[in-house]
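Right after this note come the structures.
What follows is chain A paired twice: with chain B in the first complex and chain C in the second.
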Partner chain A sequence: MISRRNLLGLAGAGLAATAIAGCTGGSTGGAAASSGGGQKGSGTIQWWSNHPGSSKEVEQKIIDAWNAENPNLPVQLVDGGANYEELGQKFNAALAGGDLPDVIVASDVTWFNFALNEATAPLDDLWKEAGVDASSYVDTLREDYAYDGKHYGVPFARSTTLMYWNQDILAKAGLAADKGPQSWAEFAEWAPKLVEANGGKPALMVPDGSNYLDWYFQGMIWTFGGSYSKEWTPNFTDPKSIEAGTFLAEQFKAGHIGIAKDANNTFGIGGSAGLLQSTGSLGGLTKAAQFPFITTYLPGPKPGACTGGAGLAIPNGISDERKLNATKFIDFVTNTKNTITFTQATGYMPVRKDAVDDPEEKAYLEKTPNAMTAIKQLAENTAPQDYARVFIPGGGARIGGGLDKITIGGQDVEQVFEQLQSETATVYKRDIEPLL
Partner chain B sequence: MKVIGYLGLALVVAMILVPVYFIVVTSLKTQPDIYSDPLTWIPNPLQPGNYSYVMETVNFGTYLRNSIIITVILTVVQVALGVMSAYAFAFLRFPFRNALFLVVVAALMVPNQITIISNYALVASLGWRNTFVGIIVPLAGVAFGAFLMRNHFLSLPKEIMEAARMDGTSFLRTLWRVVLPMSWPTVVAFTLITLVNEWNQYLWPFLIADTDVVTPLPVGLTRLQQNEGLTNWGPVMAGTVLTTVPILIVYLILQKRMIKGLTAGAVKG
Partner chain C sequence: MAAAGAGPLHAEPPRRKRGWNWREIGLAALLLAPNLALLVVFTYRPLVDNIRLSFYNWNISSPRMRFVGLGNYVEWFTSSDSWTIMANTVIFTVAAVAGSMVLGLALALLLDQKLFGRGAVRSLVFAPYVISGAAIGVAFQFVFDPNFGLIQDLLDKVGVTAPNFYQNSGWALFMVTATYIWKNLGYVFVIYLAALQGRRKDLDEASEIDGTSPTRHFFRVVLPQLRPTTFFLSVTVLLSSFQVFDIIQAMTQGGPLGIGTTTIVFQVYQETFVNSRAGYGATVATIMFTIVLVITLIQVRLQDGNDA
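Right after this comes the complex of A and B.
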């Protein structure tokens, strides 16, 4: 029975492994954010991206060009997740655990929280040091990342909401095949005709709450005179906001508006006359749709659409040298030539002012008026998003869930909006107010 | 009565098989066919191209290799740890045995998600990010096996253990020659559960894997889905089928052993 002692040892080892998996001590955590000089890098710039608009190939192409110019400072593309939220999750883990990347993709919803908690670096001084001319970015897109007089992101895969219309169905319904409705009231008039022309299928498809319905609805709520919030004050219970919510719920009930997880596909196979979607879907739809379609502004009165999409940010916990290199790389990714390459492949908007004057881009836009719509709408029909959606933690998901309730769930609009009002106020008091 | 039984059976089979059938069928459909209304039960036209699309767009071979490495190592380690610690807990007498066992069971009660951040911190500080070690080690210790196997061992007839001791069988030999042969069904069931579980791991490998070098299938295949773009579900389903097949084969092989094992260790009267 000599083995008894050995077995005790083995059992001990088993327990130790359980302990590692079960509850590692927190002593190693939290060091990243506070470490004095910041983390040194490995000589490679790590770019965490979720490849918005299925852009992995284009991103790699841009990186290859950078690597050819800077063989001493290569860039590595890291798969950061399937969507912006997963990437945020992964970055949060890195914040707690150290080993930070150099550049991350931060969406309209995630950048502010990173900035507020000093997880990402203010860029203004870095721009100066690296000789980046920030004024060459499209003003509205750059200012989306401003907080307290500083900028925490660079526009990258930027989009607005767009309407897509199946021209065959527009024609069948006896409507002009080259423009969308000018107001949501006009849409309500068109809708029965469009439904009839397409065999009872919805006139307009919109993605559901877990696929950013809250983003698409934002423009709609504005045209009714309502909003999610006025600065930090939630505005859901404003009668005009409730009127917009009621309009959405009624149009859904009447079968005029369809809500689905994967609205793109429904539209793409002719399952609806119209689609409310991001500009980032243009690339995919152009390839997939078997019918002619146009893109139009969202219905007015102006502004009837919001900007969105993602930018690039730099973690605060890395060394100054890494930050500077990251700034230079971001400048490269978004330079005139690369923003043109990137946006033509995906459908996002060029982020540099002079991109639209580039002869090659001019020719492209003339050839593809659908891509032009977004750029023109940006100047004419958009406004920055409400704080309640993009700045208050969990805002997008919370509002999206509420909108699901009043449409698919059939719940009372006033009640749901009141709940959103109080929840938003609570989260603001808890998470934001102490940090301002 | 019999009829109701058969109806229930048919219902359960349908509930399980219809979704599986749709995954397989969708993997062979073209994009418009997937969304056609009314839905089609047979792909028309047949689109086997979805499978080659998967092979071409993502590094399927690499993901498969990674998945196999991670799953096999994890399963071996977890089963070995589980069986051995359970054997000790069941048959060894040592101080604080029950208290220690309680600690192990308590580890079972802590949800994985809670420990992720601290695990990540540890793994990152060890420089294990984007390595197999970093993915495997924190997943390797699981209390479930110790708990399941110990309870099974305690249910074995004492007389056989005593007979073995009378014959002078050593402690470890008893494990191999007496206890395990009577426990194959439980061990195989435990192995199967572990295999499936580890094969489908998502969150942890996703956090630790940065590049294709260590990315397992479930994480790698999300690349077929697209954000703010247009997801073509045909290839996604093709990827799903390809991911399911290896584990299905293993299951069929092990299942046979499970039934054999039920009769193997019986006491002969």
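Right after this comes the complex of A and C.
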């Protein structure tokens, strides 16, 4: 017989499980409505953003300008999370049955999953209808969002990986204070001098696996001739990929490369001579760092860096009218004037071709050579990312965890990379192949 | 009136009518219906739906699902990661339950004494419980930070090198467990304090007259009276420890080394929202539900055994 206490205990267990069940959703009904019968809005464009590069203030400034021009179609900025993943998770929850926003920030890692599963709308027809000149976006950045002949995003907060060097420490180490290493082999030569010049602190600080180490390492693996994948085929077990992994692990073990949760802070307080970070950190570091620093390309041979960051996308499940309004708003956010405003506030790259040639931007770039590095590197030293990181669900987190294992975990590179190879192949077969 | 005087001196009370009292049943149903409806809609329907989803491969961004039978369960039980995550969960839960109950009881015993300023101290001890776990997680990053954290600073002063809490799985798990205990100590403390204040004072007096030592008094007189409270706390603290998410998300995101501080509930989140595998996430949630259910049944049995 069940006593009252038994019942209370069971109810407690039931509630515990329900809390979890609530997390996992339970309906697929609202995922991808047909283009004609989607959710109608409230007359306000909802923009979900995680404010990349601490851009909340400048985003609101752009919105205010839009609202002044379009008082009958105001935009509301909604906090979508602390990072791209959280925003993606919030959008997924909305797809499973909630109210959909009009515009979302979709990262290099999340946009493809949304496009592949028809959660976001193809933009080509909307561009025509709204009179948007898509060719005015920087070609390589625009084409990052192409899948199956259609575009599912517009470049917005776009970045590349960059190196930041504390010039005081470079000079103290007897190195030229106006350039970075040209190759990783050269970095390995510089590192002991930089470590010594900075009281034993690492020569280069890199964020850990939970903070996109997988993104930063991508350029390094390319320079060794390896890659995460060749299109859909995993390539972790290629000897050149393993060589790159071994180099990273050895440099970490030697104390030349440091790995930290908050690498920016460590660099900002002089905890390392160099930093491997995103272009989007430039604005924050310029304000915070108490020492002179330069930005440089990632070591070659080319390509030594990858593009990244985020674009803007439109949910597929909203009405045609909302999609058209959202397209116009996205065009406004990324127009020449706002691109200049946004890039100068954050350090992200200009996404419109004419923004780079604008006199105001030219003057800014001349005055701020550190911001120019990313723009030049985009043309000279970057390549699109490997499918295994950006198109395979959970790819970034999986690779980041693996890189943590070979560095701070001290695990065997070959074993870890073999595991990554097998897991990536499994996920591709299970989640991607049936949809292609 | 004469008839009244002629009646029996000890008349039997009127018997209650046997059978259903439909008015009372109707009233009970009316009063219970709203809560039952809420329970069904928001508690049990999602539970059943979750179990159903666990048999599907479903990308949460997709409108389509594919039935995979027990495939997700086979994957979980054959994955080496699952056992690491289970071990993390057990270590975290046992440490969190034991730590918060021992410390909570100790604080309750201390602040049950007549001490100067005990009201203010009681409030201070309870305060962290009402602060959100995410906020505490962010704040404690500054305590454990390897460059400028409070612990690093304190250990530096005594010439000890602080461990890197973010790069060693064991220390990272210690860090999130300690933070969780600190946050939840106030809950255990306040419940134990209420129980201590409601205990029988005559037993304390009798024990004092008998000259019982303080240790013996605690174990033989105080602790037995706290048994129902201890049982209640062990169930509730265990359930809440099992479900901890916010502190882990804020402090380590389940890392280092990928799954260094990933507990089973964090795996539900990770699989569902990061890896977009809602079906597999539902499987992990169902496994977790089963574990919690079994533990609760064992606790209830043990308690019943003690009562008998």
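What we mean here is this: the second predicted complex is superposed on the first by the 399 of 436 C-alpha atoms of A that agree within 3 Å, B and C clash if a C-alpha of one lies under 4 Å from a C-alpha of the other, contacts with A are read in each partner's own complex, and residues count from 1 in each chain.
Quick note on the criterion: a residue touches a chain if its C-beta (ideal position, glycine included) is under 8 Å from a C-beta of that chain, and two chains touch if they have at least 3 such contacts.
Keep in mind the model is a prediction, meaning the values are calculated, not measured.
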Contacts of A:97 with chain B and chain C, given as first, second, both or neither: first
Chain B versus chain C as contact partner of A:363, first or second or both or neither: neither
Chain B versus chain C as contact partner of A:159, first or second or both or neither: first
Touching partner for A:81 - first (chain B), second (chain C), both, neither: first
Touching partner for A:171 - first (chain B), second (chain C), both, neither: neither
First (chain B), second (chain C), both or neither touched by A:404: second
Touching partner for A:278 - first (chain B), second (chain C), both, neither: first
Which superposed partner A:266 touches (first chain B, second chain C, both, neither): both
Chain C-contacting residues of chain A that also contact chain B: 3, 10, 14-26, 28, 31, 89, 92-93, 96, 262, 265-266, 269, 271
Residues of chain A that touch chain C when the two form their complex: 3, 5-6, 9-10, 12-28, 31-32, 85, 88-89, 92-93, 95-96, 113-114, 117-119, 208-210, 259-262, 265-266, 269, 271, 393-394, 397-398, 400-402, 404-405, 408-409, 430-431, 434
Touch list for chain B against partner chain A, complex: 31-32, 34-37, 81, 84-85, 87-89, 92, 94, 100, 103-104, 107, 110, 115-125, 127, 129, 137-143, 146, 170-172, 206-207, 209-212, 215, 219, 222-223, 225-233
Residues of chain C defined as touching chain A within the complex: 42-44, 46-47, 49-50, 53, 57-66, 141, 145-148, 166-169, 235-236, 239, 242-243, 252-259, 265, 268-270, 272-278, 281-282, 285-286, 288-289, 292-293, 295-297, 299-300, 303-304
Complex interface listing, chain A residues touching chain B: 1, 3-4, 7-8, 10-11, 14-26, 28-31, 46, 50-54, 56, 76, 78-79, 81-84, 86, 89-90, 92-94, 96-99, 157, 159, 262, 264-266, 268-269, 271, 278, 280-281, 283-285, 287-288, 290, 309, 346
